[in-house]
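Some structures to go through are shown next.
Heads up, the next two complexes both have chain A, just with different partners, chain B and then chain C.
On to the complex of A and B.
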């Protein structure tokens, strides 16, 4: 398909450009790693005082954290649209995008790709495997088959929410600062959502469903059967959120007013 | 090829109120008003024509181009280009057009020109053989071969503009839209670009619509101009017609060896229908001569009369330039007759 071919073409181009800045990539990765170490230390510190948080042991929390990093890193690599308002609407780059025969969102995502973020998947997988061994969980064929749809579902949830937010730029001419705020909300998905109060749980499940990125699917792999239904709903939730946001984007494109130049 | 009927576009502009209290009130009810950028325009451009779309700053040129290229949705009216509705069928439609915005780059900033072209080739699904053949022509005409390895951000404006043109034509579009393609370019590059556009137009029958503030672009390229003022078309027709209608005088500027004055000059040319105007100093005088078909020989008569009694250092005959014609039209507001 043409869209896959384009993806390969853009990726090739991206890698070629990035290779010139190899040291940047390495530094970026190390910095990212450092951040994970800080976060994990935080978890360790918390569990110095308590052996369980609302029914979750330390290793389980760390497992969820590690799992979350996988869809999250993929999201970071392919939905790098934090600056969409500034770069595409205010600077008028959207004009160019709209004169090309490919879906506009796809073009923006391809242009903004940041493939080195995918390295975060390795960090995530490592954390997951180590805590998985500590917990002695078995990882069967069924788990393997579900892993991919779960991860994709999580990516779509995350991506969908941010595409939706980016689309708001089509309607307003003022600068938006919701993105960083939402980034923090998204991070709530890194921890088992049972540690939050009911209102937050509801929001993270049905309004801004970040719980489907980490918490629900990871609890499935931890054999916590209480939330199996939610876990299995992950890919569907991903599709719903993503499709809604694509519609919203397309609607926004119709309202696009450009900038006078 | 391009069919526009009763096209209208207005922008809603929000005005921010002053101060903190104002900002707070803006939260609940925002004051806004409409800017009618394009009022009600209709025109038809057949295949293969090169049309100049001109008008003052803010006349609505770019807005029209953006509607014709599918970027903006018209508020009212109908556009059919290449048999399609640009906004409704945008992705299919943009395959058949090329766009260049002089003010903004259409290329990827960080990657080499060559790589940009390669990406666009994929984007537009141009097959290898067509690409090879077509691009050879473009690259050689635009003299781009040496620039292919440079990243776009390292190109000079003129180099970039040539690359932009090549990129816009890579898929051999039936219509080419150019919004101020020669802005900020030196004369040589401008000429090269004009030559190129003519060649493309002749080879492929490409329809070209271009906006510009440089009237010499129009003179070099277009048979037809559409003139826009305040969102309305005030003239649509032949360039030569426009000139014929408006060029009613010739100016003959003299520089004499000795200073002189208006009485002396007027008396020397009494028998001629000539008005005198002062130049920059007492040596320089400008005679304004009405043109009519009957009095073809009058320039030589003026020359004879003037040179008989004055020694001439320099002499220049000038028609009203197109630029001035256009300025006159704007001052009057519309084209009469």
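On to the complex of A and C.
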């Protein structure tokens, strides 16, 4: 209960600070939109020259892309821990966090929230709805019930992987550039996983399970029955990845010694 | 002239101190090339050719495009914006050198570093990872190196011009971000220009952007005829001369109206 209340308090404060710079929020959203338009331009242009990408039509590829943006935007809003090593370990902020009476990860995530990223969900949903209409997909009650656990599963996969990477900072104070690397790997999840070779498919499914963010759950809504098993596994995968990361984070906190004043 | 050479050298040495960061850069570029490699593979599917270009040529196009970017890329625009916003530009203006030339010299220093420590080793690694076809004709190699030099020049000039607009807009972070996103598309890095609809292509011929990525990548992947190679490099030369004009104009006006914020 206290955790929820804290979340509401922090969100309230955050929104107040952002409202002071309203135009920044709008501009940020527009650039995010521009980025998606550029990426979609690629898909639109190449489908002038082919009718399918390893068995996926243009609208299906776009649908997956749009769906992916929803868990991705939520992840960007709540797991903004790219600079964890710099801001918390090297600058010693972690010592302050550890004195707070809630779980240290929760405290860090609250402080680093970036709620305006949630606007990306609108972009994603719009893309999804338009391509969904083009494909004539029926969206029944069952789909609606599964939508939320799928999205949460995807967020947890993404969040879990990056919490794990952030935790590495507890063991080494040298600068790690693994995060931007993983960020680029995560982009592989925007497209149907079947376009990759077997080794990469394996990695994206079982090691860095980014395929559970976009490809697998979206293919369920596209009525692709081949991967139903994987799609339904999405929430469980999310939980597994996230729980492992929490354990790793806690272990890191125990080992953490601070870097001196 | 001496002082600018010192600037080039200093920037090179500063970059050298941070070379570790660029090793991970090679991996990141490889990951990006990989993403487009698989996308193109799926797009080609069973087709042998798209627009007279086969899959190996396309892979070469993508790989060389990203590796060329690792050479010509710099953040001079953001550095200029920071100088202006932090008020440092006041000090820069009273120093005995030309600010714009000094920034260009720094960009050169960074370019030399990026070429030898990022692009060359990066390309060796990338050509081992992906089926890249190296041109056998020495003419293509020579014209490729000439054309990436111009890519660097034009990219840097655009950055200078965009950076200098900070004098007029004060906060132009948005403009710089839009430039970065659009440049990847308009320069032909993400998708070769010949795949755009004809009317878009004809607009692009009047813009400097395809000189940045499309021209060197096409030369390297063997997509241009000899005649077209000369023509494109000629256009690059022309653009690098034309672009001096807006930079000079911006700089002249900026010096007159400069308002130092803080500092």
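Going forward, the second predicted complex is superposed on the first by the 261 of 261 C-alpha atoms of A that agree within 3 Å, B and C clash if a C-alpha of one lies under 4 Å from a C-alpha of the other, contacts with A are read in each partner's own complex, and residues count from 1 in each chain.
Keep this in mind: a residue touches a chain if its C-beta (ideal position, glycine included) is under 8 Å from a C-beta of that chain, and two chains touch if they have at least 3 such contacts.
These numbers were taken from a predicted model, which means no experiment stands behind them.
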item	value
Partner chain(s) touched by A:187 [first = chain B, second = chain C, both, neither]	second
Touched partner set for A:141, first chain B, second chain C, both or neither	neither
Partner chain(s) touched by A:1 [first = chain B, second = chain C, both, neither]	neither
Touching partner for A:195 - first (chain B), second (chain C), both, neither	second
First (chain B), second (chain C), both or neither touched by A:35	second
Partner chain in contact with A:19 - chain B first, chain C second, else both or neither	neither
Residues of chain A that touch chain C when the two form their complex	27, 30-31, 34-35, 38, 41-42, 45-46, 48-50, 52-54, 56, 175, 177-178, 180-181, 184-185, 187-188, 191, 195-197, 200
Sites on chain A touched by chain B in the complex	2, 5-6, 9-10, 13, 16-17, 92-96, 98-103, 111, 173, 254-258, 260-261
In the complex with chain A, residue positions of chain C that touch it	21, 24, 27-28, 31-32, 34-35, 38-39, 41-45, 47, 50-51, 174, 177-178, 181-182, 184-185, 190-191, 195-197
In the complex, chain B residues that touch chain A	11, 14, 62, 66, 69-73, 87, 90-92, 94-95, 97, 99, 101, 103-106, 108, 110-111, 115, 118-119, 122-125
